[in-house]
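What follows is a short report on a single structure.
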């Protein structure tokens, strides 16, 4: 990787960028064409796809949108855990704040999309700062506990009877009227392209970030935070940046979720949803970014088919699969597939080392 | 003096908490705060039963067992079943014992498997084939076994009606289950299936290069245990119906205690199994242990939902704490014993015997027992030493991994006990595990993650805080410059404890009793 | 005179519970010199060093760097005022390449660390500087290997390279030769001396092996049981009887006697 | 007694031992020497099974022990005295000693022996480890290894950071011990090592570079200077 620098910098930057990302770009093209391809295979006409007529194509668009949303959610979690080595157990809150806020503002206050986006941005920043406030005091597992605490409070409040007029309590937020041009039923193809676009842009931005000087420092923090401090990096600032980016991404994923599925269930604020993010990056490979997207696809399809074949028992089976993954496939698809899988193992070790509670040492 | 200085933040925090508490009770009549305090203590006791296991497990093994709450819940459901539907348990005992008796044999089989010389390919493949065949046969045979739980749709409906029937005394034991297929075939299937499973397990463990050979005494013990379980399985099968009759004929009080004991033991066994099969392979990857326990909690939750259904239901109180008729509420201990009252009068208020007295007593007993275990026994010594440096304990020649399993079993056993205990007071619901886990985690964080006494103190603190806030939700707090009294609404209760945790952790990152690093 | 003092400590003390690891140590390091702290194992050198570099908070006492009180300054601040330290136990970014280890160190003192969306490769000055340092410490062959795969001695060199990359005014080196093969030691010491002389940098060196520092130091502080036992030029130290005794111990005579008796 | 052949060990991600070989003859004291960070402590930990070797052989009393869990290695009669006085600080002196029992009653049998060697400990028996001074902790750490019937002791830097008087006491104790037990000793202070040991092994950069009789080494100024840096 590092040795190719001099060569690539000689090329035109855009060309070099295209060359480096040709795999991803190919996937992007396939995904752009996919609604039509499915339609053709299925014997539907292209125009019916454009008119959002129901059929397999439309159905798979819905499924893919869900994959994109999960992918964004997992991506934001991977940035925290896989790249920076921060174990937060409150990530579901990052997502649910976006989801609920969008729904409440549109439904109860009749806000338009633009002010809603602005509000979600502010909320995402606020919650990231909330996490940042506790960050310097509590490390490793205690940080995980505190974040779990925050998320639990949020989950409790959202489900409480007092908040029912806004959140719908246990039943969830229902009847959110999405602006017509984003209607998930009538304008699914548009929503599909928007979600695809957002996902791809975020993914490229994330890659950019990890490759940037700031991102490299985050990796250094994962590898050896003390040393990074000693070099003169105020690691706290970097962790705050990562929290902000992660929170923003997750909140917007939550917003997309509300747009796509105008029912917001309190489940998305629960620990279970957080486990899904973990599961996805475990499937894909911790710390790989692309693993988050691949993992999201695998997870959603797995979920879909298990649900279709086993019905009631699906969640149970997913739990079993999760446990088996933890036990036997710790590095996920991308991690196992990558040539430098030994390098990958060591990255995981670095994260583990960060979280290992420090036993007292007299020296 | 030096100690005072060193711990000034800690003392200050404690002082503020005490002042707050005094302020809190100054606004209410004596009987109210006594009852509220008792309720707080009871909730603290339940939380403690979960937090105790969590803290010892975390201290010794660095495993934060996030499935602990769900195990508490599973304990409650198991206890309920033994208490209200002993027939289910007795029916299930035979296949369970049969499977266990064969799995116990794994170390012996491993020894035998190692002595075999097989062609390479066969050697690689056969355990997998055995595993698949074993599981397949076992599942097939088990579904043929007449268990009322197999009829999930019906069974999952039954708890509510059963609970009501039980309360009103109209409970009728379901008709004894009958084999549809040939019993010999079904039982044979279970035996062969679990035998294959055991063989496969032996095949896998034989692959480990450094394997400890069991000593002759150990081998003899294994054989005896296995034989005993096997025989017991058939004894239970033979006396199935009379045993069920007997259990249902017992008074609710002895049955409740049996339920407590059995659920704890089963919980401990389950904990041991989890540690050996799932946690142990992950000691090199601690973060994966957390992930694993998260997933495990998920599985247990789904299991409970499938078997016992989603709706909440009550666990009837044992008769000794349920008297309401003549002489009740009791005004003296004598009356209490005589009429087995559900409530007793204290300072003019009514205190519920089960909810506010019995639970606290059990909590105190467990606290005492665990403290004794830690302070007075060799196992406790190993645990205390291991919390500091388990590597060195092992270097002294102590099999720490074995202690890990025991501690995990102990922790899960305590959680299960807590679950049964909580049943009659809090009721049984799918959410009880997550709620208690949150409380226990807060208690742990507040008390200092690895400190046992910290877990106890944290649990009591959280319990009291919750109950006092609930109380104030009812009567309202007079806030200066506000006309209306401020009434905290119910969601503030769990939220308030979380806030307490965050505040304490921000002041004292090591918790109240944790050691500074 | 006082202008020449770059680092001064006043009664620095560090306790671990009941254990007093560093007992009121006051030293002055003159700008542009190579100052060594030596002492037998367990004398408190490394602890003192950790306090000075901010890795551990002092129990009491004051540390002044360039006229600035830095007793309370966090580690990353100390790097920015011009202190760079090495660790006794190899302390690198194990999965990052040699180049990246050094590049990160150089980036830390630059202004580009908060560029979120441009590839780090666009900031060529860091890479160029890192390459120069890799050459300097003789690790060119290993430039693109993960740090953990290097041999021990090479990791020590990388450690030194990382400090150099930050271009500090003062280098704090904690046993830079620890675990190195003995024939490599003089080479490394020569390199350190060279770096110090060229950039007229100040070096504070901790070492338990007296021989290593004798030839290169301008000034030596001897620590023993957490206290300063003696201070002076190498010549003064080598002729100081107390030092000889602390190092070799009157122990030696006693032991000799004991074995004679036995 | 103990044969170590070409062991390699990783700690986390770092290759720390890159081929250490040594042999400890029965009934002797062998000193493991080398500069800071050379891999001495890791060698002991590897023998003890705490950081298992990735390759190489360790044979104790004719039995290969490489890769065994450390409690089994200990049960074969190997006692470990780690560096930095790693006693259990929350346990009392008595509990620390009791914990080391391998069979019930070990402590009672060895009580006299231990208190003869370290009379101080008898007085401190009820105190918690935290309240002991450094020297007392070190004595406890050595005493702990004496409770069971160990035939080989691995002692890591017993004199580090201790006052000379205490060092003398310890040396005396180790000398007495070696009458019955084989000792592998890691020691920074060359003079201590020299007075105690019959054999030496020098490691550097995780490899054995030299070994032989202590008496020969004492006269080999160049080797001492080169590898150990002692005057």
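The first chain written gets the first letter, and so on, giving A, B, C and D; residue counts start at 1 in each chain.
The rule is simple: a residue touches a chain if its C-beta (ideal position, glycine included) is under 8 Å from a C-beta of that chain, and two chains touch if they have at least 3 such contacts.
In this text, all values refer to a predicted model and were calculated from it rather than measured experimentally.
Between the interfaces C-D and B-D, more contacting C-beta pairs are found at C-D. Set against the Cα centre of subunit D, the chain with the most distant centre is A. Averaged Cα coordinates give subunit C a centre that lies 29 Å from the centre of subunit D. Mean C-alpha position of subunit A lies 43 Å from that of subunit C.
In terms of their C-alpha centroids, the spacing between subunit A and subunit D amounts to 52 Å.
Residues of subunit B in contact with two or more other chains: 388-389. Of all residues in subunit A, those touching 2 or more other chains are 346, 360, 362-363, listed in ascending order. Residue positions of subunit C with contacts to 2 or more other chains are 19, 94-95, 148.
Those residues of subunit D whose C-beta lies close enough to touch subunit C in the complex are 12-16, 18, 35-39, 130-131, 133-134, 157, 160-164, 167-168, 171-172, 175, 188-189, 191-192, 195, 204-206, 225-227, 229-231.
For subunit B in complex with subunit A, the touching residues are 62, 64, 278, 281-282, 285-288, 290-292, 294-296, 298-299, 302-303, 306, 388-389, 434, 438, 441-442, 444-445, 449-450, 489-491, 494-495, 498-499, 501-502, 505-506, 509, 515, 517. The part of subunit A that touches subunit C in the complex is made up of residues 2-3, 5, 8-9, 205, 208-209, 211-217, 219-220, 223-224, 226-235, 237, 241, 343, 346-347, 350, 362-363. The residues of subunit B lying in touch with subunit D in their complex are 209-210, 212, 378, 381-382, 384-385, 387-389, 391-401. Listing the residues of subunit C that touch subunit D in their complex gives 17-19, 40-43, 88-90, 94-95, 148-149, 151-153, 155, 175, 177-183, 208-212, 225, 247-252, 254-256, 258-259, 262.
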